[in-house]
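Presented sequentially are two complexes of chain A, the first with chain B as partner and the second with chain C.
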Partner chain A sequence: MSNDGLDLRYWGRQRVTRRRVLSGAVAGGATLGAIALVGCSSDSDDGGNGNGGSDPEVPTRTVNDGTQDGAGQPGGILRVRQAAALPSMNVFGPGIFPLAQGLTLGFTIFDHLWYVPTDTGVTELFLATNVEQVDDQGLETIVTIGDATFHDKAPANGRRILASDVAASYMRFSQEVPIGYSWLQDVMESITATDDKTINIKQKFPWAWMFTSSNAGSPIFSSIMPEEILQDADFMQSDGIGSGHWFLDSHDNGANVKFRKFQNFRTFQNGGDITGQPYMDGVDFVFITDDNAALAAFLAGEIDTHGFSSKKQMDDTIAQLGDDIATGSDLARDYMNLMLNMKDPTWADERVRKAINKLIDRDEAILLIEDGDGLKAAPIPPAHTRYLLPEDDEVLVDYWTSNVEEAKALLDAAGFDYDKEYELKHSNRVGDSTLGQVLQQQLARGGVKIKLVQEDLVRWFTQTLNQHDFSMTCFQHLAYEDVDLPLRFYLGADTSTGRPANFMDYSDDDVNAAVLAAAQELDEEARVVKVLEAQRVIMRKAAPMFNTHSAINFAGRYEYVKGAITGRGSLGLFNRTTWFSDEQRRQQS
Partner chain B sequence: MLRYALRRLIWLPIILFGVSAVVFVMLRVLPGQSPAEIIAGQGATPEQIEALEEQLGLNEPIWDQYRVWVTDLLRGDFGEEFYSQKSIKDEFIRRFPPSFQIVMMSLVIGTVLGIGFGVISAIFRNRSPDYVVRFGAVAFSSIPEFFMLTLLIVVPAYLWQYSQPVGGYVPFYEDPWTNMRLMLPPAIILGIAGSAGLMRLTRTTMLEVLQSDYVRTAKAKGLRQQTVLFSHALRNAGTPIVTAVGTAFIAVFGGSIIVEQVLSIQGLGQWFFFASLQRDLTVVQFLVVYSAFVVVVMNLIVDLSYGYIDPRVRYS
Partner chain C sequence: MATIAREQAIVHEQESWELPAEKPFIVRAMKPWLRNPAGFIGLIIAVGFIVLGIIGPWIAPYDPRELDAQARFEGISWAHPMGTTALGQDMFSRILYGARLSLIFGIVVMIFGFVPGTALGIASGYFGRWIDHAIQRSGEAWAAFPQLIILLTIIAAVGPGLKSVAVVIAIGGLFGGSRLLRAVSLVEKHKDYVLAARAVGATEWDIVRRYIVPNVMPYVLVGISSVFAVAIIAEATLSFLGLGAQPGTPGWGIDLSEGSNEGITYPMLVIWPGLAISIVVLGFNLLGDTLRDILDPRLRGSMGDKH
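Let's look at the complex of A and B:
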């Protein structure tokens, strides 16, 4: 897993903030709440790869499906960190903050039709028992759901899940345009229940990632709820009902959230029998806002997992706890970038954009920001291994090669105004701030004067980024589960389909064509080729979002925590297969 | 004295009115996005934002907004948080106890240590105990509280694998042991940090008093040293010390923000911190007015205590 611990409280942390990444794919981008919550979700999952006391130099990329430690034993409560309190339990609103709730509750109390792990890219059926595309264009899909019930809470009172609940849930999310779920609305023509168990989904046009974790398979906005509560904001303010493996037991005003095992959780998954899952009796989110306090709590055994802020911190902890813990490293799916806005005519000249990219020294950035623990990023971040260009790819080599002299020549040829000072806005997250400082120094080598402008994260996100109110900005993207969003960020506006402008107000016919060709290619192998080609086009055109790198994350768990799913994207955050090998811990509740 | 107290109390609403008006206006004229835009989120249409502004009353003239807010406040309706729509009154009641406990424990510890070591330092002027106490005072007042709090967490964790209780505040009446484990160490740190200034002031004031004629007379009369020190000297040195205690209370009040943040305590300080970052105007303006109320009341208590400490003080 590439994620570790929640940081809506991202303020004031550097590496930890950087690692507070989105556990599931999220349309639209980061929010305060999201960043916060992710941390706690990821802590709960990222237990490392079992190389206790070892000294991993590179991400292990080990894939564990949860069965690696043998048969799970029932009992016990997993304790994970919650770094920020949830403002409410309502996943629909208000505003940008529901992302935090969505991330926390989407992996726990809500069930989904399916999930698409990143390692295989193949849909794993959850509540759905059969999915059939009934036309060649992939525009109509029939989904059949199995027998399952909601949690035994009023007003649902443990009743059976109907196809109409599924359709109504999707529709409810698709109405939440302000939260950033518009893509579901844009691509999906309709979703209807044809009988109690059958759902018909129609699309406006083919989209390869329509059912992946970025869209209709999102852990956040494909959550299934009883129809009765979908419009009941008062109820959802403090409670939630789903059919997930945990039910919401209690919370202290959004903090110290406690989930307990749903005894009637469905027993089927992807054609198999999952009777007994989840193995644990529940999960306690322990409210710890301070990073040092979180580390202390882990050292003292007050929480079972921890995301380290650096490799050094992990090594220090190993020195303290030895074989009592298992640690591991993994390449993050989130990634840093520099973005230029085309509303500033300075960046209209392709030569200027190429020069800016040539001035970025990605190796140096990794060294300065991540202590060397990271990998360079192309338009698709390095964690998405199936879509990576070979490192000797001619276009990629040129894109990644920093060359100050070449950059200066390009700037001179473009008549670049060296006297002007250019504003580079960034949020007050320490990771973003550090990236800004590094970029300022690197661009200065080419004579580009940068004035750094730091903004509060909420302001930066809601106004600067979302209102495209910047000339230059740099930030950390969230951790997307598939390559849909990383690629779609380059896609320009289209008034004929209502597709909005991207953050950079950038649109290039060649780039648009290449991205759309990839996104609408339904054949897996052919799509991989088209994604690679789209990246080449993006790099050749110097599209104004220059990804720099992804970091390597370090995480640890107590050795008695077994059965963690790793290397499969956010699948492990569901925590169904985790169990305790320690009898005493299994008895604690 | 009663008339003096009443006259001071008359000023209380006037001061609160001034503070609330300034805060209310300042929060609304600050540049940046309106709360409605933030709440509405990306992709919200101007109509949606306008509807939200109307719902929140943000499209009314600023003085109308202020009038409504003050009227509600006087009726005991403190409003709701912008983002969560939780009742501010309920939140305040929930968050007040931990903050109050931190402030009071820190104040008591700081006062006892500050006055105690100040007296010791004065008695042993220019001798070893005096040097030790003065060095300690300079050292503790030089180290930032957040650093001390971080050490409080990190050092026991690495040395003994001990952690402060996690998961937030536990009331004393529910679990005294856990409550003290959580609250006492930071209260000591805040108290020590706040005591440094008080200690130096006590020392200086005591030295001055100890050299006065009536102390010499008391000693010559053969009174016990304890009586001379505490009944005569310390009481006469009390007026500036009490003033300093009042100031320390306000400082500790601010310090609780850091403590609550570091120790994950959902108190008033943490509430203020997040509300400020999220531009939750209703919460921020309520807490600023509450803080002003506390400061004014604290100053009144300090002023009134002068008459008790020094009978020569008359409130005419």
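Let's look at the complex of A and C:
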């Protein structure tokens, strides 16, 4: 049995059960992330930033390009699980839903200008054939696009992609109320097409992570589509037109989505020739809401890939299927956290915040929630190895060290109200719920009384988190492929630039200065240093978002599924190199 | 003389009659139960559930919320007779605490739903006229709405939690109880003892209080056992769906729900709370059926009582 690593659930370890249909808004991305045959094998480049105390096998990354299994063979339909139905195909809204659509369709039926792999941090050009920053400050960027066409569906009917389509797509996304923070609104000043192939992007101020998947390379907010459909909400309710390697073939009211190969997909990428990709004829999503049913479907060979809920479940599956499957693990880029809202004056005192952090036992949380398979998180989650503080960093060691007595002393000194019961709101996702229970018990050790309040995911996201309607909340962040967002979440409001308040309504001059210094440093080496320093400032100030950990995900696929791209985060979702070694499977369409 | 002698003989004969010795109360009380083993089992389960619900938290060996990172997913052992949960919590303790939650929920639904419903039902059946119309039409209006939809509406307004669930189930119990007791009261009000009471000048209130209520009480007991079963399963169902007990709360429904996430790998996580729900609901249903058989003279034959 091969044991090369792969991550079929790049977007997180989401366990969506049948009682959580609405949870699928975000989890849909997780499920559909199963298309990503991304993974890793074991070497030493893990970042090794502390583990959960049970000495887990920390997965590490050995990047390959999907050709490790030899030349791809054409044909076949990949069958993957779909845990939740998409409420529509409209990537523009409303509410939380564009997140699910964006995560699902953004990687598949839509193309993008470029992509920045997490492992290298180097921009890889997709539709763009040339990108040039024309001033030293990085305030103006000229992008040239190559020859490519849209899917052959009305009203685009397979016409050529124009620069004006790209500009219009970005502008359309910028008009939407974004989820969280939007580079499109905060940083980008304008985007215009100067001719059919040239786009001019101007920024208000320099931003180091301009090209990354959090910003101008976002899979959610930079999908390129024909101008004709951008304002057509009725059309986008049930269909989509892009220029991605798959086109949307069919779906049953958002369930059982079927993608098929776009025969006229562009043949170039980053200066190379990708003719023939994608190799497979398509992808079928099989609508299975229950985790146990999904495992049963995988065991029965009804789906080709599966994300396990634990290492034990993976081991049990290996015992049953043996050499028929390949399994592996990957450190998730998503991460769990406890967030305090500064609107509640309780948390205004830095000593109280420090005490709360001191009560969090991250090692225990990893053992309880992840069966020991996880890594502790600093302000930057552990998957971003280039930006990790050394394990013996004084500030980090203090931040991670749980100490109930010290916490009590801090609370006493701050005159903390032990009689009051504090609400900790969380969504009904299993991971969030479990984290809430663990935090409730851990904070109780310091005398902090917590009342858990579970909310439907949509309500929690749109009202509790986005409207900052909480005193305490805990949740799993999405998997960000660069450190921009994990850092920017700590950045406070700035009325002079129009920058909105963060989720915690927290603003600290020192933290703001440190984060901005990092984000606006264009030299990479210098930026790494500044990111490390920003994390120290955040921890010293006990900024009220305490990251706890990232999980290690376990996944499996049938052995005949070849050509997985490993270690590239959501590039796996763009994966066109997957192919079947089994002739019979290649013939099935 | 002959007649006198015959009468004396008869009197003598009557004097010699001996009534059979009365059996002890416990024997008489147990007789119908022993004739119906299923009902007896139901009685034992119901009593056991109530006792556990009361004393459970005192005999639970662990705090049901206590985390133990070193004891996750443990199997059956002396230390943990039902194993442990994903968070290392003792399943036995959670089952015991869960019994209390279900008991409290059942009592709340009974007190705020069925008992007032009983009063309404008696009033509706006995007094009739506009009182009957008002109460029964309200009940029909309530029954016209699917309870799940009403529940979801209430939860959307005030948020999930046992209180919301209890309100809806209690209202359901209120109208359910009123319908049952209305029918019984209608029968009772036309019986001779009511007519006799009225003939000797008893007031309507006296009749209801002294004659109707005691005579419908057996049906109330039957109703209570049904209400408990319904309440327990409603709480478990809605908690399973994430609408009732909040995560972390030791409760059978929520434990079943949380255990189902790892159900294939660790089946005991769902077996114990599932068993608890099934056994107790079965027990109350058996109890209710048997009570109905015992208390309804028309059904006594069906359980073998020939008297």
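Heads up, the rule we're going with is that the second predicted complex is superposed on the first by the 526 of 589 C-alpha atoms of A that agree within 3 Å, B and C clash if a C-alpha of one lies under 4 Å from a C-alpha of the other, contacts with A are read in each partner's own complex, and residues count from 1 in each chain.
The rule we apply is simple: contacts are C-beta pairs under 8 Å (C-beta built on N, C-alpha and C of every residue); 3 or more make two chains touch, one makes a residue touch a chain.
Fair warning: this is a prediction, and the values are worked out from it, not measured in the lab.
Enquirer: Chain A residues in contact: does chain B have more, or chain C?
Expert: B
Enquirer: Looking at the overlay, does A:481 come into contact with chain B only (first), chain C only (second), both, or neither?
Expert: A:481 contacts neither chain B nor chain C.
Enquirer: Going by the contact rule set out at the top, does A:304 touch chain B (first), chain C (second), both, or neither?
Expert: Neither chain B nor chain C is touched by A:304.
Enquirer: Which partner does A:111 reach: the first (chain B), the second (chain C), both, or neither?
Expert: neither
Enquirer: With the two complexes superposed on chain A, say which partner A:463 touches: chain B (first), chain C (second), both, or neither.
Expert: first
Enquirer: Based on the superposed arrangement, let me know which partner A:453 touches: chain B (first), chain C (second), both, or neither?
Expert: After superposing on A, A:453 lies in contact with chain C but is clear of chain B.
Enquirer: Pick one for A:295: touches chain B only (first), chain C only (second), both, or neither.
Expert: The answer is both, since A:295 touches chain B and chain C.
Enquirer: Figure out whether A:364 sits in contact with chain B (first) or chain C (second), or with both, or with neither.
Expert: The answer is second: A:364 touches chain C but not chain B.
Enquirer: Quick one: is A:559 in contact with chain B, with chain C, with both, or with neither? Answer first, second, both or neither.
Expert: A:559 contacts neither chain B nor chain C.
Enquirer: Looking at chain A, which of its residues have contacts with both chain B and chain C?
Expert: Chain A residues touching both partners: 292, 295-296, 316.
Enquirer: Which residues, counting only chain A, touch chain C once they are in their complex?
Expert: My answer: residues 15, 17, 19-20, 53, 291-292, 295-296, 309-310, 312-313, 316, 364, 367-368, 371, 428, 430, 433-434, 436-438, 440-442, 452-455.
Enquirer: Quick check: in the complex, which residue numbers of chain C touch chain A?
Expert: Residues 65-67, 69-70, 72, 86-88, 159-160, 240-242, 246-248, 257-258, 260-265 of chain C touch chain A in their complex.
Enquirer: If you look only at chain B, which of its residues touch chain A in the complex?
Expert: 32-33, 37-44, 48, 81, 83-86, 91, 94, 150, 153-154, 156-158, 161-164, 166-168, 261-264, 266, 270, 277-279
Enquirer: Contact residues on chain A for chain B in the complex?
Expert: That would be residues 11, 28-29, 32, 85, 87-88, 94-97, 177-180, 182, 237, 252-256, 284, 286-290, 292-293, 295-297, 299-303, 316, 320-321, 456-459, 462-463, 466, 500 of chain A.
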